[in-house]
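The following pair of complexes shares a single chain, chain A, combined with chain B in the former and chain C in the latter.
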Partner chain A sequence: MANGIIERAAKSTPAPFARKIKGLSDRAIAWIFITPTIIILLAVNIFPLIWTIWLSFTNYKANRPNADVKWIGLRNYERILTDSDIWLTMQATAHFLIWTLVLQVLIGFALAWLINQKFKGNDLWTTIIVLPMMLSPAVVGNFWTFLYQPQIGLFNYVFAFLTQSDPTSFSMIGDVALAPWSIVIVDTWMWTPFVMLICLAGLRSIPDYIYEAAECDRASKWRQFWTITVPMVLPFLMLAVLFRGIENFKMFDLVVQLTGGGPGSTTELTSINLKREAFEKWRTGYSSAYAIILFVTVFGLASIYVKALNKVKER
Partner chain B sequence: MKFKRLTTAISAACVAATLAPTAHADDLTLCWAAWDPANALIELSKDFEGKSGHNMSFEFVPWPNFADRMLNELNSGGKLCDLMIGDSQWIGLGAEAGHYIKLNDFFDANNISMGDFIPATVTGYSEWPKGTPNYWALPAFGDVVGWTYRKDWFNRADLKSEFKGKYGRELDVPNSLAELKDIAEFFQGREIDGKTVYGAAIYTERGSEGITMGVTNALYNFGFEYNNPNKPYDLDGFVNSDGAVAGLEYYKALYDCCTPPGSSDWYMSENIDAYKSGQVALQMNFAFIWPGVHADSNVGGDKSGYFPNPAGPGGHFAQLGGQGISVVSYSDSKDAALEYIKWFAQPEIQKQWWELGGYSALRAVVEDPGFASSQPYAQTFLDSMAIVKDFWAEPSYASLLLPMQDRVHKYVIAGEGTAKEALDALVDDWTEVFEDEGKL
Partner chain C sequence: MSVFLRDLLRFRRGPWEMVASIIIALGVFMLMQPFILFGYTYSFIITLVGTVMFLIVSHFPQ
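Now for the complex of A and B:
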């Protein structure tokens, strides 16, 4: 059968081409096919990476292409790791990352669990809940700035109504203590539906017979939740955390629209800080070192996390 | 025969079509910020199109992105802009990096004299190095930070008497920054016509240049200097002098006491909105907004007045705004672009420019006996232009601006550290920039 296919393929190959590849080994043919891909990968992935690593050891500035480029060794790395402002942006990123993940996982899972219960209007509620994630982050950031306005913002009015306080007495995006929470709230509002959908897929993948068996064994609902639902949804939940973690580590558009990184630098996440260094201050060498440090950090953390995820899946 | 005539006509048309563009009709693109004066310039430029036969296109970028977008365009050698109305602080970069063409020979050949323009605008918009007769732009739009106030509120008998009782002087245009703060404090949180109003809308924006353009109006007047006047780039003791520290503390105090809630990231457009919607008694802003305020149905006419930035204990200055018009060296239509500048420099065009809402920098226009009374804000414009001071115009302008934005915003808005610490850190940042530039 296989020989027949090969013979047919050989017959249908144009004679000049057949003559040209005649005598080439399988390995050579394989190289011919994968070489263009390798060249493209080298050009768009590997070369920029190596170039960035090289730049990170120099004082190069992209807005001064004709200026002398000096090799300055590890000075950029030293500056970054000893710069208190960089550590503040790291703290701001950690605050944002941890709280958005915690809130999105808790609320997303709770919503998924509720939606998974069969009730009237189930589909309609699912559609309504997922609406925020269909919007553009720039649009979301922009309209939340209005919602957060102390004088006209709905958020302030609702909060003031519930607490019987003055709506102009606080400014979510202008107050140093509240601004980090303002971006957590908006990101949670926007992306909790995503976590919910992944959790819902996990919940719906659990076969009913497992719960039926547990019922037969007289396991309580609480027990079923902790011994069946949570372990079986955990790989999905971890996947959602991975996706959201990566997304929020590189968060830019939403926060730029909402707070611009302020007040002060309280919401200046690393991606915003990096962009300012690279394309506003034009410290290309410095920002290359910064990018390498972030890359190594994210790559390291993601590798550890993926290993943990695989272990959970194997259980 | 008919066919022969037709072919002759077609050939003639083809020849005419081929020759016409070589004579005229270049496509020129002028790049500027997206704001009211830009619309006035479109209107004005129709005259140039009619007279020269060239076609004008305009690329206007909103202020928050203007510097980013246009400096990237220049740094990448882009051909988008033939003419650039770039910010005054870009002149060093434009000249040293070869983005702008030098205009001295062109000015000489066309009898355009820099002596015909307001001296501060020549220094601010055209010269590089500063104080030398090397011109890279024609002063195009004079601008300066000044103040707008609610004249109708200031004239209320009840408010006047209450103010006099509290401060022992008339509620009037402030003569000093201290008086300005008193007035702002007086109006803060006050109920007027059933609405809560606030003292002053000031610049606090973090992302581009906002807070720097605001805070300098306090810093200069308390004694801040960019460097040692006798030793360039010697910063310590000048940028962070006692006067400078007091100026920064003043600006923070003004922000803390007397601005509307939520105004932590405000620049030109937010201040205009706050003022026009009747939220504030005082508004800091560039003079370009005054024609719009005067024409506004809510706060315009006699309801508003204008005054220059008040003096402080260390002097009397105001932050220079405005721009010069330059020919981009990467343009393929440099001759046509120079033609535009020649046309724009004519006194009658400059007069029309003022009438359309553009602030002409030509002395023949602003020193005309009728100028000061031509608009209610004209005298304030003249008084303000007489006291201007500008930010660094070095080639490393962007690198110098960003740390100032950072340090000042962190102290004034976020309350991080002290004024002295903020300015000391700024000295370190700027020193590093000048060291990188090889100037220290």
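Now for the complex of A and C:
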């Protein structure tokens, strides 16, 4: 079969080109194939990264391309790392990141565990649960803005019904204390199905005979859960946390649609703040330094996380 | 503990990666903690040192 494909490919190669590559080694042919990919990778990924590093040491402003670009050393980094407003956006990001990860892992794992039980309508429920994940973040942001409305919002009415309070007595988006929680709720609602799907894949990969052996050894359900289910799903769960952690660290669209970073700057995550610095204030050098700080943070975290993931997989 | 220190002195990957990971984690905690501005100021250099160290020590022998 493979030989047939090779022969057909050889026959369909134009004669002048075939003559040219006839004397080339396998290594040279491999280089011919991967060179375009390397060039595109260098142009699209590596060059912008190096250029951003260089810009972070300058006072460059993209809206003044003809102005003199001065080398200002570490001054951009110094300004960012002593700015208490940016420190607050880092704290807002940490709040968002930690709570979304905790809630998504707990609820996602619980849903996966429930869906994994055999019951009628199993597939239908899976489809219904997965629906939020398929929506556009802009659409989700918009319709949750309506749900959070104090006068007409369904969220306020349901919450007020459950707590026997007045639905207009609180505003999820307008209140300084509640706004950070409003974005946590929406992100959890939207992305828990993703964690659930990954956990479900992990749960379905556990062979039944392991549980049967545990039953023979008279292990309780609780013990089976902690000594079989959790350790075997852990690599999948860690992958889900890695994906969601990186995504949420650079969360932008959903929060912009929902709160726009407000009230004040209580929900202004680092990505929103970075966009303001780069494309509203046009401080390109400054925002490049900001981006490098975020890049190093995510890269460092991802490195130790991948190491931990490999260790868990080796067990 | 003595094995950890011995491997550290012999430039083995495991303990050095552990040290680098702790430095990165400390840097990220300092970046996002809400307590001391001083910690935030020095968070980046600590994360950077940890990350570069991690890249280097991950090439040490096992």
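Simple rule for what comes next: the second predicted complex is superposed on the first by the 280 of 315 C-alpha atoms of A that agree within 3 Å, B and C clash if a C-alpha of one lies under 4 Å from a C-alpha of the other, contacts with A are read in each partner's own complex, and residues count from 1 in each chain.
Going forward, contacts are C-beta pairs under 8 Å (C-beta built on N, C-alpha and C of every residue); 3 or more make two chains touch, one makes a residue touch a chain.
All figures in this text were calculated on a predicted structure; none of them were measured in a lab.
Asker: Check chain A with both chain B and chain C modelled on it and let me know: fit or clash.
Answerer: With chain A aligned, chain B clears chain C, so fit.
Asker: Applying the document's definition of touch, where does A:132 land relative to chain B and chain C: first, second, both, or neither?
Answerer: neither
Asker: Who touches more of chain A, chain B or chain C?
Answerer: Partner touching more chain A residues in the overlay: B.
Asker: Does chain B (first) or chain C (second) touch A:280, or do both, or does neither?
Answerer: Touch partner of A:280: chain B, not chain C.
Asker: What is the contact status of A:180 with respect to chain B (first) and chain C (second): first, second, both, or neither?
Answerer: Once the two structures are laid over each other on A, A:180 reaches no partner at all.
Asker: Could you say whether A:149 touches chain B, chain C, both of them, or neither, answering first, second, both or neither?
Answerer: Touch partner of A:149: chain B, not chain C.
Asker: Please provide the least distance in Å between a C-alpha atom of chain B and a C-alpha atom of chain C in the combined superposition.
Answerer: Here the least C-alpha separation of chain B and chain C stands at 16 Å.
Asker: With touch defined as at the start, can you tell me which chain B residues reach chain A in the complex?
Answerer: Chain B residues touching chain A: 68, 71-72, 75, 97, 196, 206-207, 260-265, 279, 398-399, 402, 406, 409-410, 413-416, 436.
Asker: Under the touch definition given earlier, write down the residues of chain A that touch chain B in their complex.
Answerer: Within the complex, chain A contacts chain B at residues 59, 61-64, 85, 148-151, 153, 168-171, 173-176, 259-266, 276, 279-283.
Asker: Taking the complex as given, what residues does chain A use to touch chain C?
Answerer: 77, 81-82, 84, 87, 90-91, 93-94, 293, 296-297, 299-301, 303-304, 307
Asker: What residues on chain C touch chain A, complex-wise?
Answerer: Residues of chain C touching chain A: 17, 20-21, 24-25, 27-28, 31-34, 37, 40-44, 47-48, 50-51, 54-55.
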